[in-house]
């Protein structure tokens, strides 16, 4: 299932080394200004090959809007966007055709589908997130009209929370042919109360779904999150006075529905599984072998996941916002 | 949206103090033995009023199957099950009609719907989970036929991980009119490789969605979870030898697809928001007031969430298992 | 799939001779007056055993609302309704356990599910429509608030379009152990322009889906319908002048979207397949045999399908109406 | 909603005069041979500008597969296909910017979305069906592996059912600046028993949905269809003997589930609304005006709808076939 959302629905496609990646957005409100200029800056943020600590793969990631926009405005028709792949060196991956990389989807994809595009992870590559960021850019544009803004930041790399030690951890891992993980916090300001649902489709459940659906994310928490398990009710409850909530331990969501406070989400990102250190693995015939992954990879994927996490939060919120609109005639 | 699942779809209904709670399961495989005896024991586990540390509300929680079973076997028709409410003292809640309880959905529900069933939390009550446990019991029965079993355990209460200190924490909180949270681990054994999807509908994304959709859950992690953010790739990757995976840091899911290893999920449960300690709040007119909640409540909701978390994992897995079956003709 | 609708979603359950039939409505707008009194009259219209030409099965069809209503108003929580079966003479059907009735779902259900509830057609019985009519009653109540009303009428029985000959056809068929079909027209007045979608989810496509999803319906047409195939564009186009559309050949839908004119739908209902005349068939072992169906059946099902067709049109329209609301902030 | 299907899901995009049309297929079985050569011939059949009686717009309709195929086989990843528009003379349509063409979606689209791409009907153009035919070609390839084949034929043009008079009707209409409609029959051979669902998602309901979702289709019938309304049960029932069904009045579907017989569908196509005869209409300010449509249009759209109707039937059947697979472990 490559579709996300129920009202603002994004269907993505494309593989790491295929012709193009893309997304079709169905349900974007009509009459909104939109052009490639709204999308490109966010893709540029996500793009590889910009910094010495990032994968040297060079992709322009030039987005093209194929449909759904007429004279600079959305029409209500589906918005298709594509990004063509350019720097595709599939030869790099021929050696991986018959071996499973530890920590990657190689083994499980083959078990599921019985066939595998082994070039750069195929559909399971982080490159798939290009389409999410493009869709997220459109979602953010819609959210802005309603005064909602999304902000993400890296709060930890390999246990360090200050910029310099963070960078040191990445460099040190890279030098040792290894990789490191980290944590990201994403918040949303300006979100009205009333978004989300009380049972299965709680706003936090949708956010957890969205975030854990990003490759390499292994944990999600809202507000106090895991720390809440160590608090008492008197410490964790957000009391209220005439001016509003006194605290925000809940992270902006109560009973699955937004409270009007800032929405606070944190995610745990695992260390990049592609490392040049020798690892034990098996080939597709089940024979034991060793592997050292020498392609173009980030020693730490956290910075590149940051815009993806923001995009996913935007996609959750625009969906919930449009759904809530259906009650507007009924709630005075 | 009160429906969970795409192939094994459960639609639940009912409020804390309404006539009945229930669920309709659509998509349960036909030809499977099923009777109330398969459901009741799991409801009994979740039932309140059994132990001194639990809410004294007395409910028999007697389940009745209304449809979908003929001569003791499922027919492919939807299975409707109801549990009628008995010990409903709505009078207890009259005082809450015009005030928002901190940490509850009272305020946000009203913001969303413009009307609120204030009796015991209405639809947002933990009592809603009766229906989930009933549905989960059916899912578990299906999973058993495929050799999959689900196990949950409490791993922490208010920071304590041994039974006796755990109980002490609960008693101490109760005596002080307060409450405590904790952590639960749920695992699945026997799950075949190949379940889940590579992009948005990753198996871990669905599990996160399911778990965070339980009231009071504020965090979800898979395998190493948040700890993975502090590991290096060489520590976190699960290497493979001819006998299979050497470790299971991934918690049984790689690239969103099950690997055949044990699936390991942990969730953080916040302390029960209902406490008798005086808290600041506002009434429905926005005036500041104070509240002390004296109804029938658990000082620690963790033990009662345990069977719910197991049920939700069962619902995710049966759904993914049935979906995967659609490829059976294609994968040799 | 026993769910209809995407925003106003109805999930139905129950078999002809099971304990109860029912429906869960998810997505009904909150704050709307609702009680059993709004539902019962429509069920009474559909009820068997009222007239000499109808099945003598006696069912009170007493509806009970189990959830979703608080102090006489909808709350936004799912509305569950049940109707318990009473006059269940399963013994009547024992003879049918091993034989396939021509024109019924007996054979195909068994092929699909491998097991069959043979009592009165089980889930495939027309009795299933009790739940649709109950849901439709709620939908009609919502539509009324928006000035939309639904009207159905029988326009033909076995080729006759005047009441007296219609009745004669039914009596004559009954006397000969046979049955007759007919045609129904259902219209909606007051529907605003803008409902429906331009591509797959055209309003007429949804109506066709809804109507053909009623047992015994074999054809659906909108406006001129099949007759349009024999017209020229200059005859079939609805021209417009300053006062609005000059004609309504389109039946109120253009390009899949409502035009604000009356919506006009016609359906063809096949003759009841249950007849006492001897028919050739096979048993579940594949052996040829004969069958004469002597249970309690209507010689003409058209009058009882009438309220069902109205209900289905109401369900389509309320769904489309609520969906369209999501654009309200965007379209001035 | 621009997505069709639940298991084999097609999301289409593109406008008549936009950059490209396309489709993303999600849920296509993996491991199947697929290339542009499987798609192109069906697009060529649908293509305009081939015959004197067809629109002279010249489009190569060259399909490109962007994703989901690796080394000539499907991988389980979404298959995106695009067709770029070439012969786009938007200038032709400038005159239509402010006027509503009778019989077209111009008026209703504007009412729905508040903005309109007036170039050639925008998203509501018949050109949108390029994407359906491309998706249908993939579906047919899947169906072939299971022995299912789809056949369509024109059975009537403006009341005539023989080829020569049919052509005469089209020529005569064209000469008079008018247009004609007609009827198409589409059948499926080799379909196994057991596809479809017993209640809302009956196979015939899905077919009706699919067919009525094609622009210009105003009626759908299965088997005897509307004629069944004039039959008696003894005439319409399909009796069975040891060799199988003796007749096929039902059109291959009983109780919403395929019977294993040929599936027979007929649709009514209205006359093309674009005619050069002068018609009354209004402009976007509501002022009365006249219109004579002189662009490039087919005097009869029936031949070009034929491959679309086949494609839609294929999409319904592959979806139902893959869904049914989920029961394979349960039904022996």
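By letter and in written order, the chains are A, B, C and D; residue numbering begins at 1 in each of them.
Definition applied: a residue touches a chain if its C-beta (ideal position, glycine included) is under 8 Å from a C-beta of that chain, and two chains touch if they have at least 3 such contacts.
Everything numeric in this text was worked out from a predicted model, so none of it was measured.
Once subunit C is taken out of the picture, touching still joins all leftover chains into one piece. Counted by residue number, the contact pairs of A-D are over half the same as those of B-C, the matching pair from A-C, B-C or A-B. As a whole-number value, the distance joining the C-alpha centres of subunit B and subunit D reads 44 Å. Each chain gets one centre point, the mean of its Cα atoms, and the points for subunit C and subunit D are 26 Å apart.
Taken residue by residue, subunit D touches two or more other chains at 1-3, 12, 30-31, 76-77, 109, 112-114, 123, 198, 327, 330-331, whereas all remaining positions touch fewer.
Residues 1-4, 6, 12, 100, 102-109, 111-114, 123-124, 128, 156, 158-159, 173, 178-183, 193-202, 204-213, 215, 218-242, 246, 250-251, 253-260, 268-275, 277, 279-282, 286-288, 324, 327, 330-332 of subunit B are the ones touching subunit A in the complex.
Listing the residues of subunit C that touch subunit A in their complex gives 7, 29-32, 76-77, 146, 198, 322-323, 325-331.
Within the complex, the subunit A residues that touch subunit D are 1-3, 9, 11-15, 18-22, 24, 26-27, 30-31, 64-68, 70, 73-80, 82, 109, 112-117, 119, 122-123.
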